[in-house]
Every structure is written in structure tokens, then in C-alpha cells.
């Protein structure tokens, strides 16, 4: 088997095998499990790095075999795939480190890390999927492997959240399956292809294709947390912080957004989707979700819930970018896929630190936490500023490019949405920052724990610091060759501009 | 009612359209190679012997069910040892006659009506008579001997069947020259086992309820 | 070569049935392990032989079809023979450890087990209408025996219900056979297929009778009432055999009849009617599964639901284009295989769970995810297949059926397929939910032996992997078939 | 052969069958069933199926009947016993 | 109407009687009797229909012989189960109510 076929499989197997090994390990062998976890994460990061370099050089990584009559299982690494794969590989490593610290002394770790690895394998599969069928395969696998993580604590509340999570996501999966099967019946096995498949197709099919598009977006929109099917996301925040961080802020919602990008660009083709008049309503929906999420976030007292509504809002930036008809908007959407991931995971790491170290879960309990946990609070503040779009941080780059794209596509109202959203971001984030640094401590921390010299465990402290550094760097160095922005440009140049 | 009408119509319809069967011609043509002269026996034990093999399997299952319920106590039920002179006389005269009858039926099967099933049934009836007469029937007690008797006919049949396969022919194929002999062997085994199974079914069921069947005996 | 294999295939289960009757449960276990190994090897070898050489008729006793009984050894048949070997071996191994060897009645387990196996092989290979009847009876009686084995009153009641339903079904089938024989003077399905010209009313009645009888034996809604008590109360390895294999046997015959004769004797009404009953089974069975308080009842009602999918074969192959029909057949075949594997895994895992928490109630599972993740994991994996989520065999089946429904324009089955998946998720996740609940005083669990835990896991993994290798498995369906019957009819 | 004889046989077959199902007393029902078996045997003879006739007499009427009778008498004897058990 | 066909039709009627009894009767032994009547009806149809044209046909006769043996096996198994059931519960009929609920036998 050539290296081209081997690497995508290895990328999948690295975490799949890790999952199997972790399941097989006894509950008590914590060190060994941590070792396996970290080794697998590093290995995966290495593989993804090599593949990214290869894709940059124009090497074709793909593997496929016939799974069912007329359907192929197909993995293929293109530039877009590597964007998502790179994001999840990088953040998996950090989140694994974080989770090891976070779950210290808690039961059922074998189960947790096993399913955690399985989730990452699914995410990798989603990134590398070469056709809609394979995408769906891993998409559902992600749903299933996240359920045990959501209900990990086994409390009545967690189980209830898990139930809602599964109702939403499986429901979305069924809708998606309907769309995929329908499309398959109409057009056969559809590999992701830069220009889409329907340019110049029979006008008689356009009605059906429009309907299928709606079905597909509805199915994918559930995971992407789009209004009105976003309800699971805030509830799923009962899960442990690493789960919220990696899965709900990064893997799951991004999988939905990524799927929408794939459908719009690689199945329908942006020109065709535009010609069918499908993009405009999607843009409105995305814009509405952005504002809706922000408004809801304003009133949340629970820190993680506030972050969750912020996620709902932020993910729709990606979708908004995609629907801006033109290359610049696309760049904005794609780069936000990465930027938002880094920023949001920082915020969740910090929220987890407050919860784990001080026992703080609510916004109004954070008064004066900045003095107790300066490093964490600094990271939090920077991430917040990034979210709001303060230059030169990651979020600013996104919003700038999106705005430019909107102007280029002469959709000026989008600028208004962006501005309004930034204001709202500031409105729900800045009070927290204020409380952190400028409010005096009024009450003792609900459940404080101490770890020697550091403000919290080193396992918990380093990951947010690293991601904070990243969110500064991706903003500062946006113009250099290997920044996410450049990579997004590369994707657009390669794929969508003939 | 509708069921009967539809079925009757179907029977009449099928009868009206019945195709001339080539099967009986083939049967007549092959009868000479079957080893027996009576066509029913030929069908049962040669042409469609696989049916019969499985059917004996079904019977063995029923037999197992029977002996699993058997209660050892019931077999020695003193109430059954009643010295009924009529029964005793009956038994004295009938048992040999019935055994002879069974043997005859078995033998007759080759060229006229009769065969293992009927002979087995007669054998079983003999057993029932002996049982009612209160004869001690230790052999019918649940145990290795009873189970051996139960499967003997089946085992003989099966061995003959696989011998054909080992011989390089099909499963259940008999060489033409010894087909008659093989069928007779099978029939003897079957008669014995069928009699045994049917008898077991009767005897094993406890006649009175005064003694608990061995706990959990119900299959 | 194939000749020897067939002989071995037929001989082993029957011989082992006879031999194990002479032994006790423990010695019978040793003997049966050997027998299972032989059966597995023979089934595999036969499968590969047919893969290479194509299918053929095997004339038992050297007598060809109309006079003697011929076995139809084709790709589908050997696939099911192999499936039986896999599931049968798994259940047999599990039973050897699971069942209490000290109970005197257990000695009858092995003979019944082997007779059941023999009957199943007889059905898969059967091409003779009456022989199929005898095989069915062999299956029914041994299955009833297994349900009742050592049973208490409730088990006996379930067994009696099962027995009566099975007997009625068999007689209905036999009545249909009588009509066919009266009309054509033959019992060979292949010959009937050749002689059959058009839809005579008498033969339609015959087909209806046979289908009705077989549907009763397959527990198609609304004739399913006997199944849940029987499958729910039998010992777990037995339940696994019954749900995994036994109900498939009667469906297999119905499907064979339909595929051979349905094009001339069927009607759109009949086809759609069967489909509607299947759909009702999917919905109603899933709903009832969701409502059951006992773990094994959930699994048993799930069987009622999953069987419903099989009956979509009728509408999806009637008066549709050849490729669509093929899609549907492949989908149904996959559904049979994946359900057999998944349901057997599920029952065995459920048995382990019950052993562990010492109760059959779903509520008693609280906290078990803590202690028994392995069996729970197997249960979960099997559940994934039942839900029809990728990459399992259940998903592959559902995908093919979706494609067939869409391509034939019968979109209403799409609704059933999708809804069925959601409902299956509902009852499977109910179990997960119960087991994930953490309760403080839940440390009192018994750990079953590892061998018990490994077996359902292997089955569940097979069901999972089936989706990935569906293509090669399905390719045996299209193997060339040597037509002997044609010569036999017109010598 | 004489058609009315067959007609009579068929009619009595059906009548006996109905009687088997309708007789109040279970014992009677079984006896009727044995009679039915004998009539069936006659029918088989008329159908030139002597083998079946023999089997029917021996197995159908004879053994099935004996088994059923045995069961019936078992039920009869055991019933009061169970009633008393139930009231304890 | 030929002689054989007459018996075949008698078989049809027996099937009807047997089926009605099977479905309507509650007592287990009566249902068993009905099953045997139904079986006899089927056998009559099988033989009567098959040989209504040209004389005795050994094949259906052999089939019926097999069928009779299968029927007695089934009957015997049923009787064993019924007796055991009766022994344990004192009942001679299956409850018409919902039996599904008490499936908790395995523990």
C-alpha cells in the first residue's frame, strides 16, 4: 500500500487503536493509560503534520474501497480536510493533557478516555471523508461516542441532558440520512469535488435538489447548533469540562459546520447553490442565529451555558462566511473554523479551571478570581478580547475578512450583523472580565483545592496558556505562509478559483 | 367459513387443472433399483429417506420430552400391580402374538403395506399392555439404556446414511445390490426405537399424581 | 470435495444429537465443542467451495429432484449455513458455561441444540416443499423443548403458546404444499417454478396459506403474540438461538417461495399488504420494546420489530426493475445476517447483565456501567446495529432498503425505515440510560466469567464489521448456479 | 363402488369431528377422537392407502388416544387435590 | 366427482372444523384434539387431491405417513408440556390475559 493510502488510515487508526487499548486496560492503570493517550495524540499530530505538508506539496492522499453495492468508503485528504484535521489533532493533544488533570481521582476513567479517543477518531474520519456516505458514517459514530461522555457523571441531570442530546443529534442524523440516500438515489455515489456535481444538471431535477439541500442542511444544522435546532448544546454543558471544550466547542459543532461547507461547495458547488437561490436564506438563518445566540448568552448566569450560547452564535459565522458568494467570504468562514476553535477551547479550559480549582460555576461567583488565578484569568481575558474582535487577535482577523467578503459580495447588511454581534459579545463577556479583575472577593470559594505553588494543577494550567499563545500568534502572524489564514486562502485558491 | 369455501374452491381448481405427473413414471422406473417392491416403503426409506431421517429426529425429541418427565417412582407404582386376572391372561396370550405381528409387519413392508412405523406402533402397544399388566419394566426407567434404545434406530439410519457418503456416493445413497438388506436393517432399528419412544411416552407420564415427578423434570 | 462437505454438514448435527443424548451435560459439552468446531470448519469450507465453484444441486440418496430430495446449495444457502455455524457456535459456547451443569434436565440441552442446528441447515438448503416442512417441524419441536427446558410454569406456558403457534403455522404451510402437489404432482420448488404459467386462483390460495403459516412462525405482526414470552423467558443462549436463527428459518422459506413464484402468483395487494404488516411490526414492536420493564422482554420485542423490516422484501421485489429487486434482496439478506448476529449478541450480553445484577428488570441496571462495561459494551454495539447506524450491518441493510424504496418509487417505506431506526434508538438508549445512572449503593455485582463476556463481544463486532465487508458477502448472492433441475424435468 | 357408502363415511367423519370438539366431557371427546381415528382408517382404505390406514389405527387412533386418555384421567384425579391446595 | 376428490373435500371440511376448534377452544387438550383433526384434514387433502386422476400415488401416501409420525411427536410433546404445566399451576388453559409482563423468570 502506498504512503498516499496509508497515511489517512493511520491518522484514523492512531486514535481508534488507542481507544481499543484504553478500553482493554484495567481501570486502575492510570499512568499507562495517560502514556497511551499522549503517545497516540502526538503520533496523530505528527501524521497530520506530514499530511498537511504533503497536501501543500500537492500529493494526493486517498484510499477507497467498495463497501456496499454502489457505495464506496473513501478517505481523501484535501486542503479543506487538513484544516479540520489539523485543528482537531492539535486540540486533541491539549485537551487530553487537560482531561488527565481534570479527571484525576474521578471514577470511570477507562470508559471516559476510551470514548474520548473514539470521538477523536470520528472527528478525524469526518475531516478526511472523501464522499458524503463516508462523512455520514463518521458523523453518526461521533454522535454515539459522545453520548457516554455527556452522561459521564451519571447524575439524573446528566442523563436528562444526554437524552436530549441524543434525541437532537440522532434526529438530525435521520434527516441527514434521508437527504444522503435521496441524493444517492438521484445521482449515485458523490465524491467531494471542488466544483460540485450539479453544474449544468437537468433543470427538471432542480426542484428535488432544492428540497434535498434543505433536508441536508436541516440534518447538519442540528450539530452545528443552528437556530432552531440548537437546544441540545447548552444542556450538554453538564458534561465534564474537557468534553465541553473539545467536543461541543470544537468537534461536534464544527462537524456540522464542516458538513455544511462540504455540501455547499463540494456537492452542490457554490455557483450552482447560488443559482438555485439556496444561499440567501441560509445566510439569513446564519445571521439570525448569530444574533440570537448572543442575545441569549447575555442572560445566562452559568458560565458554561453562557459559553455555549456564545458557541451557537460563533459557529454561524462559519456558515455565514460560506454563504457569502465569493472567495473572500469563504476564506473568512474557513479561517473562523480554526480561530473560533482555538478561542473557544481556551474559554472552556478556563471555565473548567475555575470549576475544578475554586468550585465556581456561576458568573456571579467569579468576583476577584483574577487575583487568585492570574494566569487562567489572563488567558480568559485574552480569549474574550479575541472573541469580541479586538485587533490583532484571532477573532479580529475573521471578522475583518468576513466584512471584506460581505462588501465584495455586496451584502452590506452582513457588516451590520457583524458589528451588532461584536457589541453583544462585548456585552456578555466584558462583565465577566470586570468581575475577574476589579470586583473584590465577597465570599469564600465554594470548593477550593490547592496544588502547591501553582494556582492550579499543571495539567490544567498549561493547555489554556498554550492555546492563548496560539490565538495571539494566529492573529499576529496572519499574513505569514503557514498561518490559518494563508491556509484558508490556499484552499480557496486551489479549490474554488479555477 | 370463508376459509373453507376458499379452500374448497382451491382444491377443486387444483384438481381441475392437475398436470399429468411424471413423478409416478419415474417412480415405477426406479422402483427396481430401490431394493424394495412396495412403492410406499421405497419412497419412505429410499427416495425420500432424508424426510424420514429428520422425522425420526422429531420423534426422538418427543421421546426425550417424555423421559425427561418420567418419574422413577411412578414406574413401580404398586397400584398398577393389581393382579387382574383378565389382564394377566390377555397379556400372556397377546404379548407373543403381538410381537409376532410386529415382526410380520416389519417384514411385510418390503413388498406390501406395512413397515417400521406400523410395526413400531404395535410393539409399543405390546409394551402398553405389559405395562398395564404390571410387568416390571426396568428397561424403561430413565437411564443410559433407555436413551440408547431411544436413539438406536436413528443412529443406525444415520450410520447407513453416512456410509453411503463415505463410499463416495451421496449422503443416504445405498448401493443397489444391498439396498434391500440395508433398508431392512434400518427398519429393524427403527421399529425397535419407535416402539421404545412411543412406549416411553406412555409409560413415562406418571399415571397417578401421588408422587412428584423428579423435580424440574419437565423438559 | 463439495459432496463430502455436504455429507459432513448433514451428518454432524444429527450424529451429535444422538451421541450427546447418551451423555450428561458436562461430557456433552466437550463433545459439542468438537462438533461445533467441525461444523464451523465444514461450513467455512463449503462457503469457500461455493464461492469458487458456484452453486449446485445435491441429490440426496443419489435420487434427483422430483423423485428424490435435492438440496439447493447456492450462495445464499451457504451464507446462511455459515451464519448458523457462527451464531450456533457462539450460543453453544456460551451455553456451556452459562447453564447450570448440575441440573439433571440440562443433559437434554445438547441433543435439542443439535437437532435445532440440523433443522436449520435443512431449511437453508431445502428445495423440496415437504422436506422443508419436516425441517421446520424439527426446528419447532426442538426450539419448544429448549424454551421449556427445566422451566417453571411461566416458561411452560410460553412454550405451549409457542408450540401451538408453530404447529398451526406448519399445518397451514403443509396445506399449501398439498395444493401445489395436487396441481403439479411434484414437490420440487424448481420444477414448480418451471411448470407454473400464470396466477391460478387455487395456487394463489396455496401461496397465501403457506405465507400465512410462515408469517405466524416468523411472528409477523399481528401474529407475534407468542414470541416475546417465549424468547423472553428462555435461558439467554436459547433466546439468542431463537431470535437469531429460528425465526429466520420460516422467513427464509417464505422469501424463497416469493422470489420463485411471487412474480406469477403475487399481486400488488399482497405485496403491499405484507409490507404494511411489516411496517406495523416495526412501529408497534419498537413501541412495546420501549415500554417493557424487563430487559429480556425489551430485546424480545425488538425482535418483533426487526422482523418487520424483513417483510419489506415483498413490496420491494414485486413488479419492480431487476436492479431494484436485487438491491432489496441484498438489503434483506444483510438485515437477516446482521440481526442474527446483533440479536444473538444482545441476548447473550443481556444474559450476562442479568447474571451480574441478579435481576431481569431494566431498573436494576443502575450503576452497572461501572462494573460490567464489557458486556454492556457488547450490548451497546449490538444496539448500534439494531438502530441501523453506521458502520454496522444493520446500517448497510437499511441503506440498501432505502435505495430500493426510493428507486421503486415506494417512498412510504422510507418513512418506516427512518422511523424504525429512531424508535430502535429510543429503546436501546433507554437501556444505556438505565445503566449509566450512578447510584451510591450499587457495589454488589457478580462478575461473570470472561469467556461469557467475550462471546457476545465477538458477535457484536461481527455485526459491526459486516457493514464494512458487506460487498464481498453480498457478492455470493450473484454466484452462478448450475441448473440440474432443468435436466431432471425433461430428461 | 357404491358411492353412498363413501358419502356415509364422509358424513360420519365430519359428524364425529364436530362431536370431538363439542362434547362437554373431555373423556368423551377423546373417545370420540379415537372413533374418528378408526373412521379415518376406513377412509384411508377407501383411498387405497393401506399403509396409512395401518398407521392411523396404530398411531393416530391408538397411541394418541391412549396418551390423551391418560392425560385426561390425570387431570380428573388431580383437580380436587389442586383446589384444596389453592385454598390453603 | 371422483371418489378421491370427495375425500379431499371432506379433508377441507375437516380443516375448517379443526381450525375453528383450534382458534375457539380454550382447554389445552381440546386444542390439541382440534390440531389433530386439522392435521387429518390436511392429510386427506394431500392424498385425495393428489390421486384423484390416476390411481394410488405412493408419494403422498409416504408423505402422510411421515406427517402422522410428526403429528404424534408434536402431540406427545404437547401432552408432556400440558401435564407438567397442569402439575405446576393446576390450570388447563393458557391465560387469555396478558402474559408478557411476567417474563422475569431468569434471575
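A few comments on the model shown:
By letter and in written order, the chains are A, B, C, D and E; residue numbering begins at 1 in each of them.
Everything that follows uses one rule, which is that a contact is a pair of C-beta atoms (placed from the backbone, for glycine too) under 8 Å apart; a residue touches a chain by one contact, two chains touch by 3 or more.
Here the structure is a predicted model, which means the values were calculated and not measured.
Among the remaining chains, those touching chain B as well as chain E are C, D. Taking the mean of all protein Cα atoms as the centre, the chain whose own Cα mean lies nearest is C. Between B-C and C-E, more contacting C-beta pairs join the chains of B-C. Distance from the centre of chain B peaks at A, each centre being the average of the chain's Cα atoms.
Averaging C-alpha coordinates per chain and comparing to chain D, the farthest chain turns out to be A.
With centres defined as mean CA coordinates, chain D is found 77 Å away from chain A.
Averaged C-alpha coordinates put the centre of chain D at 12 Å from the centre of chain E.
We define each chain's centre as the mean of its Cα atoms; on that basis chain A and chain E are separated by 65 Å. Remark: chain C and chain D have CA centroids separated by 37 Å (rounded to whole angstrom). In chain D, the residues touching two or more other chains are 51, 55, 59, 63, 67, 71, 74, 78. Counting only residues that touch two or more partner chains, chain E has 8, 13, 15, 45, 49, 52, 57, 59, 61-63, 65-66, 68-70, 72-74, 76-77, 79, 81-85, 87-88. Among the residues of chain B, those touching two or more other chains are numbered 7, 11-12, 14-15, 18, 20-21, 23-24, 27, 40, 48, 51, 55, 58, 61-62, 65, 68, 117, 198, 201, 205, 209, 217-219. Contacts between chains, counted with the stated touch criterion, involve the pairs A-C, B-C, B-D, B-E, C-E, D-E.
Interface residues of chain C, counted against chain E in their complex, comprise 130, 134, 137, 141, 144-145, 148, 151-161, 163-164, 167-168, 171, 174-175, 177-179, 181-182, 185, 187, 228-229, 232-233, 235-236, 292-294, 296-297, 300, 351, 354, 358-361. By the touch criterion stated above, chain E contacts chain C in their complex at residues 8, 15, 22, 28, 31, 35, 38-39, 42, 45-46, 49-50, 52, 57, 59-60, 63, 66-67, 70, 73-74, 77-78, 81-82, 84-85, 88-89, 94-95, 99-107. The touching residues of chain C, counted against chain A in their complex, run 327, 330, 367, 369-370, 373, 377, 384, 387, 389-391, 396, 399-400, 402-403, 406-407, 414, 418, 421-422, 425, 429, 432-433, 436-438, 467-468, 470-471, 474. In the complex of the two chains, the chain D residues touching chain E come out as 1, 3, 6-7, 10, 13-14, 17-18, 20-21, 26, 29-30, 33, 36, 40, 43-44, 46-49, 51-52, 55-56, 59-60, 63-64, 67-68, 71-72, 74-75, 78-79, 82-83, 85-86. Residues 6-7, 9-15, 17-24, 26-27, 30, 46-51, 53-55, 57-58, 60-62, 64-65, 68, 144, 147-148, 150-151, 154-155, 158, 161-162, 164-166, 169-174, 214, 216-219 of chain B are the ones touching chain C in the complex.
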